[in-house]
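Presented below are the structures under discussion, each in the form of structure tokens.
In what follows, chain A forms one complex with chain B and a second complex with chain C.
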Partner chain A sequence: MSVCGPREGSDQVDTSSGGLVRSHCVGTTAVVYASDYLNKLSGEKIERECRRQLSCGCRALVIDFSDTQLVNSIGISILLGIIDVAEKSGAQIVFSDVNNQTVELFEMLGLTRHVVLAKDEREALLNLSHFETTTPVVH
Partner chain B sequence: MSSRSENFRRVLGRVVQQDFVGRAAELGRIMAQSERANAGRGLLLLMEPSAGVSELLRQAYDQIFNRRSDVIPIYFAFTRNETTAVSAAIEFLNTFVQQYIAYRRDEPVVSEAPLTLQELVELAPAADLEWIEQLVESYKRLRFSNDDKALVRFCLGAPQRIPAGRGRAFVMLDGSQLAEYLNGVVVLGTEILRVFARGSFSFVLAGLRRQILEAAHDAECNFERLDILRLEQLAATEAAKLVEHVARRQQVATSEAARDLIVQQFAGSPFFINIYLQAAREKRAALLTYLDCERLYVNELFGGHIHRHFADLLEEISPRLDTRHLLIRLLWEAAAGEEQISTFEIWRKRLHMGAAELEDVLHRLHVQEFINWDETTVEAGAGPQAWKDYLKIRYRLDVMNEPRALVVADMLADSLKRAPHTMARHYKQVANAGLRDLISRFNCQPVPAVLFDYQNFSTKYKGAESETIISGLQAETDFFKLPQTIHLASCSAFMSDMRQLCEEEHCLVAHTFEEGSYSDAREVIWLAADIESKLEVDVAVARAWCERFESMAERIGFSRFQIWLISNEGFSEDASKLLERHKAFGSSRQQLELLASRVRDTVPSEVVQSSEPDEFLMVVPMGEDNELIAANTAEQIAKRLTFRPEAINQIKTAIVEACINASEHSFSPDRKIYQRFRVESDRLVITISSRGVVPANLNGTNSSTEVKQAAEERRGWGLKLIRTLMDEVEFERVDDGTSLRMTKYLRPQKGT
Partner chain C sequence: MEPSTQKLIHTFGALADLGQEIAGTGDFTEMVRTSMHLLLGTLALRRGAVVECSGPGPLRCVAVWGVSDQALNGLDIDAAEMESFLGGEIRESLSKYRDKLANEGIELVVPMIVRGEVTGLVLLGGKASGEEFSNDDFETIRAMVRHIGVGIHTHRLLEQLAQRAEENRRLYDELRTIYRDTVRAFAAAIDIKDKYTQGHSERVGRYSEIIAREMGWSEEEVEGIQIAGYLHDIGKLIVDRDIINAPYKIDAKNSIELNRHPNAGYEILAPIRHPYADIPFMAKHHHERLDGRGYPDGLTDQQIPIGAKIVSLADSFDAMTTDRPYKRRRSFEDVVVDLRENSGKQFDGKVVAAFARAILKEVKGETRERRITKMLGKNYLEGDQVEMLLMDLIADLEGDFSRKGAKAQSL
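== the complex of A and B ==
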């Protein structure tokens, strides 16, 4: 069963799937935190959380990589899948606090063509708030 | 007395007990046959050609001899040197008397000493002298009576003449070399069974399965008093042990890769493994690489033990040279061609033979399992690979008159090219044995229905921790009751053209009954395929498989069937909808494993300092994020070389990708990743190896098409990343599996 929420500002653990993905909402933006190693399993957890947030009405996603030390190619392919899902839902997506080595990988595999990178979560939210005020919602 | 005690004496065994591997169950069965409870019963040991039986019986003999009970072991091997039933029977009588006396005197050396009957009589213990003298006298009288049948029966029946209280004979007859038809009026195999099956002593008759069964029927044996034990080739693990033991005994150096190739090439045949390693010793050849193995194999085919084995058989089957050439031609053309099934009449015309002569030839070929003959049709193309290779070279040399050097070179090249395919087929079979094993265990167990519905499973559990999935499955309320499997075979066994579409073990047909209720209404044929795919299977592939199975069901006449497709990563949304429309089941690898655990654990890594001073070796099991252990180890080593943090991260990512590639695509037999870190003054060289299949995308090429395809598929990026992150990337040539060498150069840090 999908659990919608959380209340604004509060941290959320996705207990319905049992995956320990930290996330919280700021307005209609969900901030999802990637773990220290982004691989198939942790990538799928993030994907699941993003899908859940979008189905609960979020209109923008921030994936924060501040804890992420290492990313593998399967993890990157899952991130591309998340970008597709967000695009289909008409949601914006920003990656924040990505370390230089990971940026290098993202560039190598073409991710940076599809996603905005922000220095940190605050900058990501600022970018998105600018987008929200300038883009009309189409129903 | 324990047979493993220090006092155990080797009598007839050609190897010490510890070196006799792979036949423990069969040896136990023969020992049980010698027990009093089985007195008077016979055991037919039905041997697959070249499965080897002689050492098994010799080991049994030694165990019984050392036990010193009232059971007296007698072992007799028929040889092709005996030209008549009479001479073979006389030889048996000699052996019986000799081994009886050896046992009674408790002198192993007497068992095989070259002694005449008269000398044996002189060695007989006082208590046995009278009856043995009478036995020999009776034999001498019959010997000159011109009644061959009576003489044969007398000799074979000698064990019945042991007086009460002097022990009871347990006769083991090794008929693996039993000539099909010996000259004269007595058909030996049949006669043996007539005499033994009516005797009061226990016996084992071992020989070619088709030959022995036929003899038992011809002798009109009472099968209630006969037990049957089937002796097939060794399983891969047992055969690998045998190769190791024999190689050690013969002082032949081997590698693991070579060992496994030998096992697969000879399909676990103890006979071929033994003579092949014997040849290696004789030629002082080390067997370390595939080239070593195939060079010796080809030598053997052209003039070694293997050549002599097949040449002798062919000569016995078809003694006339002109007919033999025609036979070789016919056998090879049938084996190499599409049409392997032919008629008796066509064979008769092509071999220019009379019906009786051809029947004799076909019967002998059938007994050796080189063909299958049912009196009307002849199916060629059977027999071990070595037989097919032998036929091919004989055809090219004798029939086509091609230059020997050319045939040798071609055979060596072909064998070398075949070796990796032989191993790949084996690895894939092992990897997919799980599906076969799982379906064979279906027996009306209730399992969560979600395990057969990928879309539902994905929605509920994708990305969840395994504990969560397990507890979730336990809480499931929608259950599906598995049917009971009664027969399981590969699709190609039903439709040979399926062989072109999938590997045998990937595609299975299971005949099942729902609820274990045997009625037409409850009969369901399961058509299961394990589809190789790195990604979720798309709708086109799913449709192709559904249509393929539906067409197969219609052609064969399966009225009720259940399609079940399995893919590593499951199925796309559209593919899942299509499966639903076709009422087909779809499962991911994870669902399959969960199902398997319903229907019926990580090893620590080891870091070893190698013999090289600046080299570290590490072996980690595949899976469980163990690539991180390798990456972290590399980090520690790289730090010693003062690599910049960015470079260290690049090395770590490259190692992770190399490990993932090894885990995902290799069908590795040992599920291990071997890593070597070599520290040089200006570089770190890392080699990641795994055994198994070389994946198509890791063949060492870097075509633009490959990169383009990889980008489109969003997977298969590993090699591209590795090549970008490391300075040099190279595939080392290895026989078995993949070995990727990656080099990162140390560049001076800015300001230093």
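== the complex of A and C ==
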């Protein structure tokens, strides 16, 4: 069985920690769903899933915060790590559906200097498709 | 919400989480890693590391984020630089590694000082916002690094405690070994006095251990009964050697003298603080009988400590299965007959059954070692009848007559 699994429209189960991280792929973009509280436990699961998707050839990541009520300090640190890894892989990263309180936090801490915020997943994918058509992918 | 209020709430939340993390008893490395994440996340720093040290010398990397592990390998700190950190001043780098750390994006080096000692350093990268560090940021960093330092210091103390506990355990084990060796030396001394029963105390110790283990005693209890077996005849040290070594059945007067040995044994053993319970009582009562006709106190069944019952059986079994000055040892068949007849009178049936089960297991090859065979000599337990004798004895004693009934029907 492939480590990366099916590429299109599949939910992933993070078996190593026993919890579930929802994700699916649209072309070369992986959409990963953050949980209601982004802390150490859920943050590490998301980080693992993002790293896994990037190592499988994803060129862009969308982290969807539609379920997320709260992000704590460790969550911020882990998100910065994901941004770092994505930048090093040459991948784009978009945060979608972030609530107002969390947007304020991201702006205050400077995360918005490194990621694009999108209203929802659809808008995030549209942004990225624009990027893909204008940015040549180097193999 | 005002950004300053939001920042305060975010920082307080992180400090509360940090306190919880430091106070936890989980894995040390994970504690440091989580603490570092809390610090990085509070100010949105993109990279960082925590290194610890015990005085001048190598810096050991405990947690790292966004910095390559290799970059931090082999770092060390000299005495002068370490001392210069004692004031708690935050620096931009380490003097010896200015370029190396700058290449990794490290912008701040913060000492962790606990009780006047530098316990390590926290290396921090720049803010994700790209802004310069403010005075408030420095205060936040100092407060959180102090917490992390305390966590590392506490861990070291716990580690030292664990080392001392381990050292104490080792010393205790050594003392127990010395105690056991001393006891065995005593057993040998007791047996030397009786030239016809050399090795008797050692064997009684081993038989007692085997019986107790078969009865499901704990390791500690098994060790204790073994010691009691070794020492059960220690009272013979005060009995005249001529009486012990008489090559004939001794008369009533000498018998009274010899029968003093259980009480004498108790007197010798009682003042000693043995690491196991009731050893003096096991020595005192190993000649008691269930029917009350034993000595020194004529105790009956429930009054006799179970340990004494075990030592009593082990003692008698060895007496029956070794040559004495006035008689040859008995065949195993005879011994089984004796055990059967005297169960409930002299011996406790449950103890006899346990011993029989242990012998049977060895005869059937179900044990790793053949310890009983070794003590009895290799031919003693051979023969077709041995297994059947033991099974019948066990069945009788355990009140299981069904097998015997089936056997009678088939005849």
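Just so it is clear, the second predicted complex is superposed on the first by the 132 of 139 C-alpha atoms of A that agree within 3 Å, B and C clash if a C-alpha of one lies under 4 Å from a C-alpha of the other, contacts with A are read in each partner's own complex, and residues count from 1 in each chain.
We adopt the following convention: a contact is a pair of C-beta atoms (placed from the backbone, for glycine too) under 8 Å apart; a residue touches a chain by one contact, two chains touch by 3 or more.
Keep in mind the model is a prediction, meaning the values are calculated, not measured.
Colleague: Chain B versus chain C on the shared chain A, clash or fit?
Modeller: Superposition result for chain B and chain C: clash.
Colleague: On the A-aligned overlay, A:L80 touches which partner chain: chain B = first, chain C = second, or both, or neither?
Modeller: both
Colleague: Could you tell me if A:Y37 is touching chain B, chain C, both of them or neither one (first, second, both, neither)?
Modeller: Only chain B is touched by A:Y37; chain C is not.
Colleague: Just checking: does A:R113 make contact with chain B only, chain C only, both, or neither of them? Give me first, second, both or neither.
Modeller: second
Colleague: Just chain B (first), just chain C (second), both, or neither: which does A:R52 touch?
Modeller: Touch status of A:R52: no partner.
Colleague: Tell me the contact category for A:N72 with respect to chain B and chain C: first, second, both or neither.
Modeller: both
Colleague: Check whether chain B or chain C contacts more residues of chain A in the superposed model.
Modeller: B
Colleague: Thinking of the overlay built on chain A, is A:L105 touched by chain B (first), by chain C (second), by both, or by neither?
Modeller: Touch partners of A:L105: chain B and chain C.
Colleague: In the superposed model, identify the part of chain B that clashes with chain C, out of 567-575, 603-611, 639-647 or 675-683.
Modeller: Clashing stretch: 567-575.
Colleague: For chain A, which residues belong to both interfaces, chain B and chain C?
Modeller: On chain A, the overlap between the chain B and chain C contacts is residues 72-74, 76-77, 80-81, 101, 104-105, 108-110.
Colleague: Show which residues of chain A lie in contact with chain B when the two form their complex.
Modeller: Spelled out, the residues of chain A in touch with chain B are 17-20, 37, 39, 41, 44-48, 70-74, 76-77, 80-81, 100-101, 104-105, 108-110.
Colleague: Under the stated contact criterion, what part of chain B meets chain A in this complex?
Modeller: Those residues of chain B that touch chain A are 461-465, 467-469, 472, 625, 627-628, 631, 646, 649-650, 652-653, 656-657, 660, 711, 714-715, 717-718, 720-721, 724.
Colleague: Taking the touch rule as given, give the residues of chain C at its contact with chain A in the complex, in rising order.
Modeller: For chain C paired with chain A, touching residues are 1, 3, 6-7, 10, 13-14, 17, 34, 37-47, 65-66, 127-131.
Colleague: Under the touch definition given earlier, write down the residues of chain A that touch chain C in their complex.
Modeller: Residue positions touching the partner: 40, 72-78, 80-81, 83-84, 101, 104-105, 108-111, 113-114.
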